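Next, two complexes with chain A in common: one pairs it with chain B, the other with chain C.
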Partner chain A sequence: MKVAFKIWRYDSVSGERALREYEIDAPEEATLLDCLDIVKDKHDGSLAYRKSCRMMICGSCGMRMDGAAVLACKTRMYDIANEGRVPTISAMGNLPIVKDLVVDMDPFWAKFMAMKPWLQPGYDQPDDGREYRITQERMNVVHKEALCINCGCCVSECNAMESDPEFLGPQALAKGMRFVGDPRDGAKVERLEQYSQEHGIWDCTRCYFCNERCPKGVDPRDAIAKLGAEAIAHGIDRDMGAKHAKWFVRSAETTGWLREEELIPKTQGYVAAIKQLKFGISLAKHGKVRPIPFPHTAKDVGEARNLHKLVREQDRGGAMGHVQGEKALERLGHGHAIGGDLEEIYARPNAAPRPWLPEVEEKA
Partner chain B sequence: MIAKHDVLVVGAGCAGMRAAIEAFDAGTDVAMISKIHPTRSHSGAAEGGINAALGNAADDSPEIHAYDTVKGSDYIGDQDAIELFAQEAPGDIYQLEHWGAVFSRRDDGKLAQRPFGAAGSPRTVFAADITGHVLIQVLWEQVCKRDIPVYDEFFAWQLVENDGRCQAVVCWDLLHGGLKTVGGKTVVLATGGAGRQYRVTTNAYACTGDGTAMALHLGLPLKDMEFMQFHPTTLYPTGILLTEGCRGEGAYLINKDGERFMKRYAPNALELASRDVVSRSEQTEIDQGRGIEGSVMLDMRHLGAERILDRLPGSRELSMVYAGIDPIYDPVPVRPGAHYHMGGVETDNDGATEMTGLYAAGECACVSIHGANRLGGNSLMETITFGRRAGRAAAEWALANTTVDVPESAERDAEAKLKELLDRTAGERPWKLREELGTSMLENFAVFRREEQMAKQIEIIEDLRERYPNVYVEDKGEVFNSDLTQAIELGNMLDTALCMLTAGLARKESRGAHARPHDYPTRDDENFLHHSITRWKDGGVELTKSDVRFTKWQPEERKY
Partner chain C sequence: MSTTEIPLRRVAYYKGCLASLSAKELDTSTQALAPRVGLELVELESVTCCGAGDIHEAEPDYYVHLNARILAYAEATGCDTLLTVCNVCTLNLRQANHMLQGDSALLARVNENLTTVGVPPYSGGVEVRHLLWEIAEGDGFELLKKAAHKGLKGLKVAPFYGCQILRPSKIMGFEDPDRPWSLERIIEACGGEAIDYPAKIKCCGFPIIAAREETAMGELIQPIEQALEAGADVMVTPCPLCHLSLDAWQQKLEASTGRSFKLPILHLAQLVGVAAGLEESELKFKRHIVDPRPALERLEV
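Up next, the complex of A and B:
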């Protein structure tokens, strides 16, 4: 098939930038990475990009296609070529460009290192020298975070990092969650304290671009939410963001309703709230807030309260609750359960034949 | 020379990082050199698991593990190394777990273990189907904890010998350009495999046998180079790996009629026979017209969605992205693809090579615990156990010896050679030779081998080697010049391929991965129960042999 695309070339020595167009012949199964290989081999040997495994596990080939981060090896070109689209390929965002599609990963790894990304053994080391005994359910808390391949796609797309380059960012925080959620780690509280500081958990703007762009389903924003939940569960809630989140939960549990009028005093404190009084009155005039002494209570608030009770009884507070929800969602595809009756699967149109075992004579 | 270290590890996959960690813990100043960032290493693509006789899932012992490995090796694995390996494996697994490896668990909280090919007991510890990834991450975490320096994106090009010792590595600095020499009292090679010699391979682009070639060029012996393992389940048409864990979890192999053909080839072990056996069976089915478009099918439908999602989510994703097939509903087309090189730089049980100060571990080394055929799950374990042993031995030697002395001529010669390559502006582009090598290796030196095809392949390689001095690099820049490194990699692949063919042609028998059904269909212990040793001599390959070390198992007929 014919594939056409443009590449933002960049030469760090001369500082020259140029958008070049390429049209190549590629096999139908070709990925973007295969296409770049064809360009490098047959058209321009100076094109620079990273690659290695070509199977979505090494994390080398993060780059942007039409402004959105992708793994080149995961991006099939068939549909794009068929539709006659001519995508633009460029280096990842939020990291300095070295040459063409190669970025400097040093700032990325510096933030990774800042998380103290290694297990700090906890208190219950097995005394028989064998493995820690932990249920799979407990380990599932870090299941998604452990999938991270450090490709940088989430960092490339991070809006918070664009405005605050010191923001730890989705990848580093997801790595942090990988240890906070690990029952073997003994430094959970210290970590949560550290990650809750400025440029940490609560500086995420919740744009969800990281979740959207992660090629491995790590869902870094969810990891940050889990860190937040764990921090609050451990009483590390000095940050305004933590107080804000806490009030949402508290408010929902007590009245089944978000009491916005109390949000500012609970989040920013009463002094700040008094300073905002004028704003509050303006809101009240427009019917946006209810008078404080008479909070509206939802009719079926009992259900919300029971839910909270259940979470507490089953010890599924903090990150555990998030994980349970994720596990449930994983089994649903677009609202339909995946899989189904085996006989029905075998009977599908054009299905491959049903497997059978041949009879083989036993040799003496 | 830009720096000196006690121990210099070349390659930063599982074996390299494990060696570096051990050398650090032994109290040495250790550094790693790697052409790609450590977490990009191809160890991370290992899927199915890592073998150690923990006995969590069923009765097991290091003795049974050792026996399975000896039998799997078709009796040319060195038995003292294998026994030591099986004995030390469980301790290494517990250590990885204590470091934080996120392995899959049993209901009782212990590590889960799954059945794997040719294993007498469910012995394979795993993390769903991303075991290698989990190991790479945990080792990288431990490297970070120790703050071990990494010469990241340094392409190791030449080993420097001085006073009969290996004392430095000349590298091309990919990110900034320029040749940089890094000195080491000891050097540990851990550069992985060379599957890129084949057009259809599970291996990453980085797997070009650089360390093996550097050792070869230094005159060191390479052992058992003819044994290249073909993995039975690589995705059609890309050759991307689908783990043996699929079959470990119960997947079937079927031909176009739906027949589970393995019953005819390995009536007891079926799909879980040894890899060489399964690959040959598949190739026979395909050759005899019972395949579909050059492949057979891996059928997971009966496993059910839940098991697939829990235990094989990565394989499902690979099938969906690269074949457009969801294995929950349809079988996946697979065929044998080049996967693992049993051969490599000859070492003793501590990773020491023939040259003082030079060690090797992992796929680039040949201890040999795999002999003629490696069992699935044994290579990840080998990287850890022998990576650790090599790191320890290299550190001990470095602590007892003090100097690093690199003659200026080493760097000067390298500069001259580099200039010659970069100054060339016409000739052939490396990709042409690379494609010819990949296609011809697959045709002439794959699952089944014939005398005349091997002889022809030697001619092809000789021709490519003659043309190689005329390849030219288009990129003349200093910054991230991967055009240059790919040209060097091609030279490495050509030289090691010649060793493979030379050893293969001389082995007139069928053993493990070296199958010659047309001219020498059986194993010949009388004449070939030995290792093949190849080394570079006078611009060609010299072939000799060495004895297999036996302890308690005598060769028997191998049935599954």
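Up next, the complex of A and C:
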């Protein structure tokens, strides 16, 4: 098939930047990475890009196609070529470009290392030398986070990092959750303290680009939400972002609706909030805030209050509240119909073949 | 055209916090517009805040229960659709709905808790849809074309989607999150000209505007700056949180940059409402910080 695309070429030494168009012959099963290989082999040997495994596991070939970060080895070109589209390929965002499609990953690795991405000693081990075994259920807490291949596709599009380059970002924080949630790690509280500082958990702006782009289903934004839940469950809530989040909980159980007028003083503290007085008055003039807080209370709010008491007693605090929803959301990501269980889905006429699972085979 | 000719479809209406409080103009314009696009709004009384992503982060198990309670009361009205007018409510409710619909053990546990505190159980039979989706296609779109008889007379409108109506697309599932079309289609159907600019799908910074104002403002400036450069007269957004940051924090952006923007920001129901000839008492433009009326004056001629 004929595949056409444009590539933003860049040379950091000369500062030259140019958009070049390429049209090549490629086999129908070709990925974007295969196409770049063809360009480099047959058309222009000076093209620079990273690659290694070619099978979505090494995380080297992150780049942008039409502005969206992708793994080149995961991106098939058949449909694009058929539609006659000519996509633009460029380097990932939020990282300095070295040449063409190659970015400098040093800032990425610096944040990665700042998370101390290794198990820290201090956990309880059996005294008698037996193997320390952990149930699948406890490892499920970090199952998605452990899938990360450090490709940087999430970082490329992080809106908060674009505004604050020091933000630890989705990859580093998801990696942090991978250790915070690991029952073998002995530094959970220290980690939560560290990650709760400025440029950490509470700097995420919830744009969800990271979840959208991640080629491995890590859902970094959800990992950041898990860190927030764990921090608050451990009483690490001094940051303004944590206070902001807690005010919503307080509002829900007292008046039902958000107590909007009190949100800024409850987040920033009453002293700091005085600086916002002029701004507050400008909003009050247009009826955006009421000068005297007068709670707007939802009907039957006692139910919301009692629900809160009830769930607090049921031991699904912290990240567990997120983990319980992951299976259902994961099915959605794999295109499974809502409501049907897997057995029912596999029984449908055009269903995808059932994957081979050892325990299912054994049962059969 | 008389609204009585239009057959109305009953939908449960969840207005959320902002339309109840600082963005009352969103509620009044939505209520006024609804019958003209074929919707009868059944307002939910016994509902709370969806948690706005904050309860999802702080106490996720409570988040699921609060949203299940909203879904249960929506289902109790007999409607199959829960209509939202806010991106953040849409994501929170859709996400909780998918969790409950896709995990029978979770649904059973949540229902036990709901009934313990006196809430009717939820069977999973409600779909959460934003007003944007209702009027961008199908019968809603056909009715919108008829309702927008006054037209926007070539008004240059910058669509601003915001985040949580597009992403995560597996939860939202309405349109391509990188090449959305719904707002543009509505703007054109109302006789306006849709302006294109890259930041229309990016973040306005609102979730962290109280805790990290500087970072949030670095995000907020992008759509405002780009839309003005592209020649926009006004901007429209389906989200009252985006609206609040774009409208109310714009003055702070002007103070910190020393520049004048004065870009009026309209709620989706207001923009369509202008084209449909709604009254000022329904549109309530006086509640905006940046007054849209001067930009809309030429439509009166």
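Heads up, the rule we're going with is that the second predicted complex is superposed on the first by the 269 of 364 C-alpha atoms of A that agree within 3 Å, B and C clash if a C-alpha of one lies under 4 Å from a C-alpha of the other, contacts with A are read in each partner's own complex, and residues count from 1 in each chain.
Quick note on the criterion: a residue touches a chain if its C-beta (ideal position, glycine included) is under 8 Å from a C-beta of that chain, and two chains touch if they have at least 3 such contacts.
Bear in mind the structure is a predicted one, so any value in this text is a computation, not a measurement.
K.L.:
Please work out whether A:A68 is in contact with chain B alone, chain C alone, both, or neither, and reply first, second, both or neither.
P.N.:
In the superposition, A:A68 contacts chain C only.
K.L.:
Is A:L119 in contact with chain B, with chain C, with both, or with neither (first, second, both, neither)?
P.N.:
First partner only, chain B.
K.L.:
For A:M105, select first, second, both or neither according to whether it touches chain B, chain C, the two together, or no partner.
P.N.:
In the superposition, A:M105 contacts chain B only.
K.L.:
Just checking: does A:K40 make contact with chain B only, chain C only, both, or neither of them? Give me first, second, both or neither.
P.N.:
first
K.L.:
Going by the contact rule set out at the top, does A:Q136 touch chain B (first), chain C (second), both, or neither?
P.N.:
After superposition on chain A, A:Q136 lies in contact with chain B alone.
K.L.:
Please indicate which partner A:M56 is in contact with in the superposed arrangement: first for chain B, second for chain C, both, or neither.
P.N.:
Touch partner of A:M56: chain B, not chain C.
K.L.:
State whether A:H234 touches chain B only (first), chain C only (second), both chains, or neither.
P.N.:
neither
K.L.:
Show which residues of chain A both chain B and chain C reach, each in its own complex.
P.N.:
331, 338-339
K.L.:
Give the list of chain A residues in touch with chain B in this complex.
P.N.:
11-13, 29, 40-42, 44-46, 48-60, 74, 76, 98-100, 102, 104-105, 112-113, 117-119, 121, 125, 129-136, 139, 142-143, 146-150, 178-179, 182, 184-185, 330-331, 337-340, 342, 345-346, 348, 351-358, 360, 362
K.L.:
Enumerate the contact residues on chain A facing chain C in the complex.
P.N.:
66-68, 159-160, 162-164, 167, 202-209, 211-212, 219, 221, 224-226, 228-229, 232, 239-249, 251-252, 256-258, 260, 263-264, 267-268, 279, 282-283, 286-289, 296, 298-304, 306-308, 310-312, 314, 316-317, 319-322, 324-325, 327-329, 331-333, 336, 338-339, 341
K.L.:
Where on chain B does chain A make contact in their complex?
P.N.:
36-37, 39-42, 44-45, 54, 93-94, 97-100, 102-112, 127, 130, 132-134, 137-138, 141-142, 144-145, 175, 204-206, 237-238, 240-241, 252, 254, 256-261, 263-264, 267, 297, 299, 301-302, 304-306, 308-309, 314, 317-318, 321-322, 328-331, 429, 431, 473-483
K.L.:
Which of the residues in chain C end up touching chain A in this complex?
P.N.:
My answer: residues 17-18, 20-22, 24, 45-49, 51-66, 69, 91, 95-96, 98-104, 106, 113-114, 116-119, 124, 163-164, 167-171, 177-178, 198, 202-203, 205, 207-208, 210-212, 214-219, 244, 248, 251-252, 286-289.
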